[in-house]
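Naming follows writing order (A, B, C, D, E and F), and every chain is counted from residue 1.
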Amino acid sequence: MSLVVRNVHRADAGVVDALAGYGVATVHEAQGRKGLLASYMRPIYRPAAIAGSAVTCSVAPGDNWMIHVAVEQCKAGDVLVVAPTSPCEDGYFGDLLATSLKARGVRGLIIDAGVRDIAVLTDMGFPVWSKAVYAQGTVKETLGDVNLPLVCAGALIQPGDVIVADDDGVCVVRREEAAAVAAAAAKREANETDKRARFEAGELGLDIYGMRERLAEKGLKYVDDPPQ
Amino acid sequence: MSLVVRNVHRADAGVVDALAGYGVATVHEAQGRKGLLASYMRPIYRPAAIAGSAVTCSVAPGDNWMIHVAVEQCKAGDVLVVAPTSPCEDGYFGDLLATSLKARGVRGLIIDAGVRDIAVLTDMGFPVWSKAVYAQGTVKETLGDVNLPLVCAGALIQPGDVIVADDDGVCVVRREEAAAVAAAAAKREANETDKRARFEAGELGLDIYGMRERLAEKGLKYVDDPPQ
Amino acid sequence: MSLVVRNVHRADAGVVDALAGYGVATVHEAQGRKGLLASYMRPIYRPAAIAGSAVTCSVAPGDNWMIHVAVEQCKAGDVLVVAPTSPCEDGYFGDLLATSLKARGVRGLIIDAGVRDIAVLTDMGFPVWSKAVYAQGTVKETLGDVNLPLVCAGALIQPGDVIVADDDGVCVVRREEAAAVAAAAAKREANETDKRARFEAGELGLDIYGMRERLAEKGLKYVDDPPQ
Amino acid sequence: MSLVVRNVHRADAGVVDALAGYGVATVHEAQGRKGLLASYMRPIYRPAAIAGSAVTCSVAPGDNWMIHVAVEQCKAGDVLVVAPTSPCEDGYFGDLLATSLKARGVRGLIIDAGVRDIAVLTDMGFPVWSKAVYAQGTVKETLGDVNLPLVCAGALIQPGDVIVADDDGVCVVRREEAAAVAAAAAKREANETDKRARFEAGELGLDIYGMRERLAEKGLKYVDDPPQ
Amino acid sequence: MSLVVRNVHRADAGVVDALAGYGVATVHEAQGRKGLLASYMRPIYRPAAIAGSAVTCSVAPGDNWMIHVAVEQCKAGDVLVVAPTSPCEDGYFGDLLATSLKARGVRGLIIDAGVRDIAVLTDMGFPVWSKAVYAQGTVKETLGDVNLPLVCAGALIQPGDVIVADDDGVCVVRREEAAAVAAAAAKREANETDKRARFEAGELGLDIYGMRERLAEKGLKYVDDPPQ
Amino acid sequence: MSLVVRNVHRADAGVVDALAGYGVATVHEAQGRKGLLASYMRPIYRPAAIAGSAVTCSVAPGDNWMIHVAVEQCKAGDVLVVAPTSPCEDGYFGDLLATSLKARGVRGLIIDAGVRDIAVLTDMGFPVWSKAVYAQGTVKETLGDVNLPLVCAGALIQPGDVIVADDDGVCVVRREEAAAVAAAAAKREANETDKRARFEAGELGLDIYGMRERLAEKGLKYVDDPPQ
């Protein structure tokens, strides 16, 4: 049996937007270095930076039928997350589906498979993070699930989790942790602004972070290159 | 023995140009979802979109001698297709060969290997779809064939076949099927224009394509997320 | 024991700058087709073209502590070269370290691992050639070495060697060979300028390089495609 | 903070042993084609076939400290499941840890990273399914978690889930579904025994499964190769 | 439309068996270094060495329906060759299909995808060369073609071509060239027997093949390592 | 110019044989976790365990001519190490070259490329560690170097260094460090024998290595799974 779960709970819209502003690297650090999708998930154009609530969709290899089902479950501010049930690089998604999602206010697509029509998607400004760019067409024969938890590019994603994506890749934040992570990210960013000024002024990380003593304790030695 | 076949038959120029306009995804669908080269074939710059008649060239690993032989067989409107006889990422092709091909009116290069000088090629506007970018130089010691059928990035390509390439990758169309495929692509594109307007207006694929009944027959169920 | 070697010998600044002008493909050919790093080393933005003196830094997997140590050893005109002691794609390097290196006049980073904050690095104009883009954070627990020879992306790099990097990838030139290679590259480039003009005018490589006779000796045959 | 969860609930021992007997392919089918780990997870020797209750362990890249912590949580009939927090092929596990696990009655190791001492492990008869064989040593500096849910080779694994592994790879069965899956597998296997006899006798799948009519409806045509 | 071509022409049985005896490396050389499938095609057990006439079968990703159709077209002495229309590692083939093929006298399977039940296949002595071992199940929804030419693991295979496979991989020989290739292979092998005796006796390839003069002409120099 | 260096210095034969006995994992640890070749270097049969003095040989892609030159430089107790100047998986080496090396007392081959005739090599008992098994033939057109330092599978190898290879992969030990590494390995192994007995008796690594206190200091917490 295949299932579509309607009306999944989303995180607070203000929290989602705040997370978009911090970006993937900061959010990932702020939540304890977890939640990243695999490094092969790359954006089709740069720069691109979004955050949104996950609508999840599992699909059979070479079959994009369920994406049409998932579109109906998407609302403004969502991000569609698609994962095949076995590895596949086919082009499940193109400009027509993007037009449909954009009309609903969806912010982007995360797909552990292929995407096509990327020239048009780039012109439309509809961002996609994918495993591959590949024109291979798909069929509409087999069911999957919408809004059940799934593993996408090595990360567990639950419907309603917050997806943060930018030029560095994709990160997932649990819905119930989103507010706390946004607060931690804000703090981390404030701290970095201060550090950035000191680095720009020529200070060294060795001094800013007070590392010299611990390095020496661990056994670091300095020698000079002999004259030649 | 190595062979160069001269004066291979090309498709009608008008048909070739029409195929360029439809792009890889549409052409691939229009001919029954066949003809794509592997997804690792990527353009060195974007956007890029061409179509042309294939001049094929097999080369030994690390040896680009035969490309010079192939250049002479290229005419205006052609696309050069190069495949090594065993896997290789060396930089077989750079700005001098591109200058030579451009002077002959060749529209681009498809190479299941490496390319170099890509900054210059980008400035020149000479598009290349390749497996790798790699500066590794090659020698000129071993013969290959020009204008015999070959397998390039997993696809069979016959001299005179039409190559269509854009940001989505590369597709081959059999010369004798080119006119029919162009007609089918035109029809498909007309159909998509209509669909696009309906998607923009917010209609769902579920309704546009009338999918709801068949989904229900296959066993799709809808449930609501419980309140939390 | 971990070691930091200070004051390594660099190549002459004029020679380094000359090598930057020739680019990776020409330099690699000029020194006898050697010195390339693996083709998976790609720039985070294009175009980018630098040359500089290598400061080398080995790091433990998932641990970027030694990069802070290496920064102090970098001077204006240097390029930092980082390699993990076992394969790793973590994001060792981001915008704060880039700010620090830029403040010291460092020209770029070569890292056989991951990089993050690439949108900011692109805005800053700090070029990086890396194996991956990945936001995965790192710890600061384990020592490595600075300015010992290391293997980075399959190439041996000694501190003070000249690194040349552009859109085609990365090449290393031995410090003691740098002047000779620059001279050979100059000669090669002069030769190419002349050739380029002949190619633009429509001459063939077969004639420019006088290849026809040797091709025939090796057994190349020409036939015509039969009429259809 | 790092956490070790003690005394996780296991599935019934009889159910676990039954699942071992059915093997990965049958169990995966019996539970609706789900639960497989990535195809790169291969056994270090063949044949090997086990099932056991998962003790999960997350580790930092290049750091096997937490495996020692996890060993204490393992009981007879368990399978240890290890996943790094970022991709790593280091040799986290060798013959000493295997000796320790074997002494506790642990049935095998599933590790989304590297293993070493495989000649000794083979002689000992301690099976391991891993991403790589690699002697690269690890450190003991960073904490992880034991018996929290984790993603291993693309599959979500919860402590106490049943791991089934054989020459075909690795599959996870939810603890609460284990009995039902074992029953479904038994049914499937009985059905296959009957089918196998018919195939051996020369009957065709086309007839055993009654496929001919549906194939014709979908448009399958038969033609004869012309005489030559 | 999907097509099944019946009664394709096979090569002479004696020639096929002779090719089996020479093995992949010798046959590949004897036909001018062509015809190899990609190096990722590996046998599920070793040693294994077969030759047979190709029955070809294209399949949709994740759909093994057409293999049942292809089985009926197989005769004693054949080898079944399966390629998906887009890249896929699913386990299309297991012990039931192997039982069916074995009952018909088929000698093995070549599949550019995954296989499962390999422990049973090994016990049965039914050899398979595949891209992956993976238990992932498939569906039966989509048609493909039987006995049309296809590209499998990078090589063009026509129905009735001779497939030679052993521990070194897989090679295809055109049906119409099979007898000539077998003759060339016999000659090559006789020559190698003689060479092997000379190598065993300690003679060097440099002398057996008379290479020293040509090496010197190309510029090879000998120096002695200085005493230390 | 291409160079063959004769009479390179080897390590003491007794030291080499001692290193063979310790194996790759122990030797790699004993020398400070360095010297491993990439994990893709796998033996063609198992078990296999050797050590020997490196004779190094660089080859052009698809060209095995220099291996014949290198054979003459090999003596009893040596291991031949071959690396292509750009990545290549061709089958540079087969049973005739193995016969020649075996006649000279060479202990095995390490090749960052392909090998063929592996069924015969297995029967002969001539071990090879390679990147690929591939029957693709090579030519004899281009020179390389023998007994110059080279990078093989990511590791720097100097002629006369000691190569240790077994089921876990391949490790290089600098000639001048070989005796000290053998001594350190002996010590490490003695220590492991003692540990192994304690692990067999059921003691935990947590206690044998006294880890509990440091784990607690780092923040490790234990909780019990709640009843269900």
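One rule holds for everything that comes next: a contact is a pair of C-beta atoms (placed from the backbone, for glycine too) under 8 Å apart; a residue touches a chain by one contact, two chains touch by 3 or more.
Computed from a predicted structure; not experimentally measured.
The chains touching subunit C as well as subunit D are A, F.
The pairing of subunit B with subunit E is characterised as same-residue: of all residue numbers used at this interface, over half are used by both copies. Chain centres here are Cα averages; for subunit B and subunit D they lie 40 Å apart. Each chain gets a centre from the mean of its Cα atoms; for subunit A and subunit D, those two points are 28 Å apart. Counting partner chains per residue, subunit C has residues 33, 36, 39, 86-87, 89, 134, 136 touching two or more of them. By the document's touch criterion, interfaces exist between A-B, A-C, A-D, A-E, B-C, B-E, B-F, C-D, C-F, D-E, D-F, E-F. Taken in their complex, subunit A has these residues touching subunit E: 60-63, 85-90, 134, 136, 139, 141-142. Put simply, subunit C touches subunit B in their complex at residues 23-25, 28-29, 33, 36, 39, 42, 46-47, 49, 166-169, 171, 192, 195-196, 199-206, 209, 211, 215, 218-225, 228. In the complex of the two chains, the subunit F residues touching subunit E come out as 1-9, 65, 68-69, 71-72, 89, 91, 94-97, 99-100, 103-104, 114, 116-119, 122, 132-137, 140, 143, 147, 159. Across the complex, subunit B meets subunit E through its residues 33-34, 36, 38-39, 85-87, 149, 151, 154-156.
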